[in-house]
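The following pair of complexes shares a single chain, subunit A, combined with subunit B in the former and subunit C in the latter.
Let's turn to the complex of A and B:
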């Protein structure tokens, strides 16, 4: 069979659901069997994503797979990939694999948990690969339902409240997205839901474009999240199970930031340019707010959650810079923003897994109740320190090349804003150093009788992500070359 | 004449079915009546589906055979079968079981006549048939709550109907004809057209349970058998909303700004229905208020009539979706019980019931890829294309509130334990109803193309 005729994107997207169906039909009695099926499926999905890389794709949206769906109103099943969506697909496949390996300790209703996680993976991949507004929205919404049940069933003490807040809050956002999509459809001529058409010649103008832009902005600002739409995040991240938090932070937040690039930047570019000063102010504020509030946390998981808010601020700042200027600095900032998505996914994903491992051992997330743990858990401790250094932006680790590019690109256009936003860096440094000092250094309580250090299962989940962090840090060009080919193609 | 009769063949079949079922009840053969209903309504469905795409009128343009009236027949006939099966499951071997079947067919006939009305007389006839049959069904258990509910239904119906009749005489006096299409003349006196329209809204709003004509809904639903409440939540509503679309398409916006009036009603219905539903502890009352809200969403499609190419498609698709998801939700309520507490621990006892109910409720919220989502998607599109973006914004905020409403049922199913371990028995007919609507809610959401193209 001709290799190039295989619909790789469709296979990648729907492989997880096939795995979920296998679990549903077989109903394995032993949780080990169920996890074996689940992990095998996610591993195959990762393999399929790598095959996409091997086959190669152009700088523009390519490897298009299209089938007629609702022809009366111009809706079709359209998938495609470019240098912006591919790294996210790779990230999604990797994170779901590691998250599922990590959660293999969950015994309660394991079959259903695995099915939900696999469904979530299909939905997330679908969002990144969709080239049709309708299809995009379908996948976008399914992620909400899946995540709701993951948090509400397998989360920590306040899980129900956190899950419901997450569900309703983000539903409001996606409904605004729906309206914006309808506007994009109604103002295109001929009417179409085809994202390639809408990107190639954005037709919406005037007041309609302004309203559409703000509709998209609210939708993605809630998802990302940006201040003041972030209030669901700390709650949901803290209460979700460790793997759930890793997926939520690593993948689901990226739906928002990916949306910022795909929709406002590409489909309403003029409106984005016009309102970019507001977006920049919000982004700068978000970054600082996340860092300051993170500094005030005593719950280590909540602290990591707030650093997410901080990183998302940098990220959206980079996208807004790309909206303002069409010079090389815009492109540099956008490259940085896309890389930041991947770095944040890997680093925050592994941080949440490590915090989960820590909570399993100590039974608490309060930093004041932990001390000197490096002595009993050296592997866990050192890995946490590496991940924390990556998160605070140490050169040689994943966040540094991304943030450096964002600030570099931004410096050309808004030097003052860069001057302010950069305050976030010492703040995150401070909060991570303080956390390391409290939790891992100091003296171990005398009566401490801990269980063993990271076991094999946890290492299998955590080490690949740490490796990813180092690879991106040392050789960012592995991904940047792909990203840059596409941003260059945008003609920014 | 012969072609006229052929053009209304689906409605004729329903009429014949209704009379036959009634005769069988007189012979005390309820099961035979049920079979007759199933066969007759299946035939009506088949004929209606076969006729889809026809655009004509019957009886000197007084009855319209178009996308709306044919889809009404194609939606309501199979829906009636499902409701009859639910009624069988609930009321089996009770006295007067068979009357429910014949009344259901009569009320469906009323709704189908409504949906094709091109004439004021048909409109009044449709509302009266539906109301009288519905009232008798609501009173079926003959206990206090049901009698109270039926009485409210009847009195509100009489008053609203009388007001409507009074106002409609002005239209007839103004245009000299009972045809609705006569209103299209832009030189008519706006005051009188407006007066007629407002009174018409009283009649239709009552049947379709729009705010502020909704007062009978919660009590009547609570008192009536669950299957009858399910029936009343779907059949008369679809007929009434479709006839509203038939009427407003004839009224020039320059004479009466009916889109604005309907938009206000839509906002009130959606917001009132969803907010009050947040407070309910009885699932039937909760669903009753939610149907008021859903009527509000329907109006987004009516507003698009004549202004948006999506209007008729949106009404049809949401009509299909609404019939499916509401029927399914009532069917599971029939199996599990009417108090919120009855739903505790369903996820453990009967996981598939919990999954089914969740799907129906998420479809009511408008989650893709379910049927309710596509319906709302088209409704919002219709409103935006007609220039009512603000209405679409309010509608989406209401969708978010409705999520909170429906999660009040979902949460106890999965995350609370039942106080006493009881497994209520239920008839297999209920399973048939919910499983078929469950599959169709998903299939219709993905295969929506099949319902489009009504013009």
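Let's turn to the complex of A and C:
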């Protein structure tokens, strides 16, 4: 059979749903069986994503799979991939696999949980691979519903409140997205939902472009999130179950940043350029704000959540730089921003899993109630230290090559903004060092009677992500070569 | 190429081996450092033969990673691996009965690997990576005994302070890359960098090399094991700052160099005074390190990198010996404070002789190594442009050096030794390390000149410099020897001793405002969260009220329709037409059932309503699109 005729993108996208259907039909009595099906499905999805890599794709959107859907208005099922979406697909596949392995301890309504997670995976992959506005929107909305239930059902103490805030916020964002998409459709000539057309030939201009840009901006700023639309994030991240937080931070935030690149940067480039100073101010402020607020947290999970805000500030800064300048600096910054999505996904994903493991053992997330835990949990402690240093941008680990490029590209255009935004680096350093010092260093309380260190299940979930962190850090070119080919193709 | 990889990867492989197998960890680390030694030795030979070795790897797009063996880097790599190897030999003895071996040996091997990477880096991005990884390794090492509070505090402080200063390195490197369009480190650049870029790099140097006002992390770093201090203070870590200066020297404009020299001069004086008034042997050595590094910074600022290289090499041997000696004293007396160390030198005569040789060398007594390198610095100060400022600073610094070393000798030798309590432990390993390095300081003076020549520089010399240096050493040593024993009670001396706690020091000036700012932002965040939640709740209440209203209205309508229908049905019953009655009753039933179904959808958990609203929205979207046609 001809290898190239297999619709790999469709298979990758819908494999998880097939797994969910299998669980639904079989209704396994034992949770182990259900998880085995779920994990096998996500593993196959990862394999399928790797096959895409092996098959190879061009710098532009390629491996197109297109079927007519609602031909009368030009809505079609269109999937495609390039150097920006592929790393995200790989990240999604990896994170869902590890998150599901990690959550195999959840016994309550495991079947439904697995189905939801698998549905969420399909929706996320669909967002990254869609080349049709309508299809994108449908997948985008489904992620929202899936995540809502994961938080509301399997979260911690204040899960209802968190889920609700998350939902309302992102729903409002969706409204703006919908309006912006309609505008993109209406102002294209001939009217089309085909994102390739809209990217190749951005036609929207004037006030319409401005409004569309801000509509897209608000939608993605809520998802990403940027200040002041970020307030759903700490609640949702803190209250979600560990695997949910990992997926939320690792994958779902990237829907927003990916959107920033795919839509404002590629479809309304002139408007983005015009308003980029505002975006840069917001991004710089978000980065510092996230770092400062993170520094003030006493709840370790919440602290990690705020570092996401900080990192997303860097990321959007990089994208805004790419919007401003057409020189190589813009490309450098965009390379960095795309890599930052992956780095943040892997690093923050593993941090949430580790914090979850910590909470399972100590029964608390308050840092002041923990001390000297390195003695009883050396593996957990050291992995946390490595992940924390990755998150604070230590070279040799995942975030450094990304952030270095963002700042380097930005420094050419806005040296002062870079001078301010890099203050975030010592701030995140301070907050992680404080956390490590409080939780892992110092003396162990005498009465402490802990359970054992990380078990095999947890290690199977955490170690691949740590390995990914190191690989990206030492050999960033593995992903950057793909990303760079595409940003080069953009001809910024 | 193999030698190059061996130099860097040898220690890193040891780190991996140690963390993976946890077997024979001390010897594994020593093997790693010996591999590094062999590698750097071959690199040195190749360099003498004139072979140019470079290696390029995939790095960032447009900026490949590059390793390059220059004359300077070959010499420095050799010095680093020689000193480290002997410190490792010492550490096998020192750590034999200490806790935390695993962390220590894996961390210290990583540290060596990172330092060699830094020395041999041929591009600025790799340099930054090595620089920060070394900082991370120092964090781990200082925190070897993590359960002690001061170890945790010190490692946090060291890394954080360095991280603040490292922002300078980032900015400086951005300036370099954007000015030249390439990340390669070149010996003869086409154009220099701006003042801002140069000052940014200087900031990084000040952090790493513990120059004023960043000197305090270095004395706090004493909380780690002694071999760590010996390594941090000699050929690695602090030396990285000087290596940065040497690599960036060709890019600096003369105006920028004045700033460099000024930082060096101020540090020589201030930290030299701290060392004089210290009451703790390790703190004295730490302050002395800052001061000696100040000499090197000053020499670069004066425009004589050769003098800085000479002193870097000489100081690496001297200071590592001094620390190794101090570590043995500490092991034997259980303390590093002068008041507990009285007479310890008489008891540990071998240790004391090693310590004394290195100390005399540092004070600048000929023909020991320090005499030659200090002479070079003084000559550089004399020949520099603002000699009126550089030379006196260096000379007073040399005088201070002689005083604090003399004082240490006096305290260790005079005074009554405390009775022997602890048995001597693992001394052979420790003495091997100490005495070899001390011997190197004794005879190293002969090799210093040719070594610097090999590195491609020539050391400045001068008779006036030599004589004044000798006078400073000869007058300072006796002053120190006879100076009053410990305990400076006056506030002014304590101010010197405690590293100038200006306005409450680092804690008050940096940490507390930062935390206050964090609290402020957090307050904003909390009120923002509350506001959003209030709005959200209000919105939901309205939505619920509306939906309930609609619900009730619908129910009312349905019920009344039902009632109406029933009435019709009743009326129609008069017509005695059963078929119609049953038909209408069935209709009513189904309408009522529909009403219940609708109500079921609308009531219940909030999230269900929301879920429906999404599906409704998607549906509405489709309708809109379809009608648009």
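Assume the second predicted complex is superposed on the first by the 492 of 492 C-alpha atoms of A that agree within 3 Å, B and C clash if a C-alpha of one lies under 4 Å from a C-alpha of the other, contacts with A are read in each partner's own complex, and residues count from 1 in each chain.
Going forward, a residue touches a chain if its C-beta (ideal position, glycine included) is under 8 Å from a C-beta of that chain, and two chains touch if they have at least 3 such contacts.
Computed from a prediction, not measured in an experiment: that's the story for all the values here.
Engineer: With both complexes overlaid on chain A, does A:164 touch subunit B (first), subunit C (second), both or neither?
Structural biologist: After superposing on A, A:164 lies in contact with both subunit B and subunit C.
Engineer: So, A:396: does it touch subunit B (first), subunit C (second), both, or neither?
Structural biologist: In the superposition, A:396 contacts subunit C only.
Engineer: By the touch definition at the top of the document, which applies to A:28: first (subunit B), second (subunit C), both, or neither?
Structural biologist: Neither partner.
Engineer: Touch test for A:211: subunit B only (first), subunit C only (second), both, or neither?
Structural biologist: After superposing on A, A:211 lies in contact with subunit B but is clear of subunit C.
Engineer: Between subunit B (first) and subunit C (second), which, if any, makes contact with A:73: first, second, both or neither?
Structural biologist: So A:73 meets both subunit B and subunit C here.
Engineer: Just to be sure I read the superposition right, which of the two partners does A:418 touch: subunit B = first, subunit C = second, or both, or neither?
Structural biologist: second
Engineer: Quick one: is A:292 in contact with subunit B, with subunit C, with both, or with neither? Answer first, second, both or neither.
Structural biologist: Only subunit C; A:292 stays clear of subunit B.
Engineer: Once the structures are superposed on A, label A:138 by its partner contacts, choosing first (subunit B), second (subunit C), both or neither.
Structural biologist: In the superposition, A:138 contacts both subunit B and subunit C.
Engineer: Which partner, once the models are overlaid, touches more of subunit A's residues, subunit C or subunit B?
Structural biologist: Between subunit B and subunit C, the winner on subunit A residue contacts is C.
Engineer: Considering only touches as defined above, state whether A:59 meets subunit B (first), subunit C (second), both or neither.
Structural biologist: neither
Engineer: Show which residues of subunit A both subunit B and subunit C reach, each in its own complex.
Structural biologist: 70, 72-73, 134, 137-138, 141, 144-145, 149, 152, 164, 167-168, 171, 178, 182
Engineer: Would you tell me which residues of subunit C are touching subunit A in their complex?
Structural biologist: Those residues of subunit C that touch subunit A are 58-62, 125, 128-133, 136, 143, 146-147, 149, 151-153, 156, 159-160, 163-164, 166-167, 170-171, 174-175, 177-178, 514-515, 517-522, 525, 528-529, 532-533, 536, 539-540, 606-607, 610-611, 613-614, 617-618, 621, 624-626, 628-629.
Engineer: For subunit B, which residues count as touching subunit A in their complex?
Structural biologist: My answer: residues 310, 313, 362, 365, 367-369, 373, 377-378, 380-381, 384-385, 389, 392-393, 396-397, 399-400, 403-404, 407, 411, 414-415, 448-449, 452-453.
Engineer: What does subunit A use to touch subunit C in their complex?
Structural biologist: 70, 72-73, 75, 134, 137-138, 141, 144-145, 148-149, 152, 161, 163-165, 167-168, 171, 174, 178, 182, 228, 231-232, 234-235, 289, 292-297, 328-329, 332, 335, 372, 374-375, 389, 394-396, 400-401, 404-405, 407-408, 411-412, 415, 418-419, 422-423, 425-427, 429-430, 433-434, 436-437, 440-444, 475-477, 480-481, 484
Engineer: Note which residues of subunit A are touching subunit B in the complex, please.
Structural biologist: Checking each residue of subunit A against subunit B gives 69-73, 134, 137-138, 141-142, 144-145, 149, 152-153, 160, 164, 167-168, 171-172, 175-176, 178-179, 182-183, 185-186, 211.
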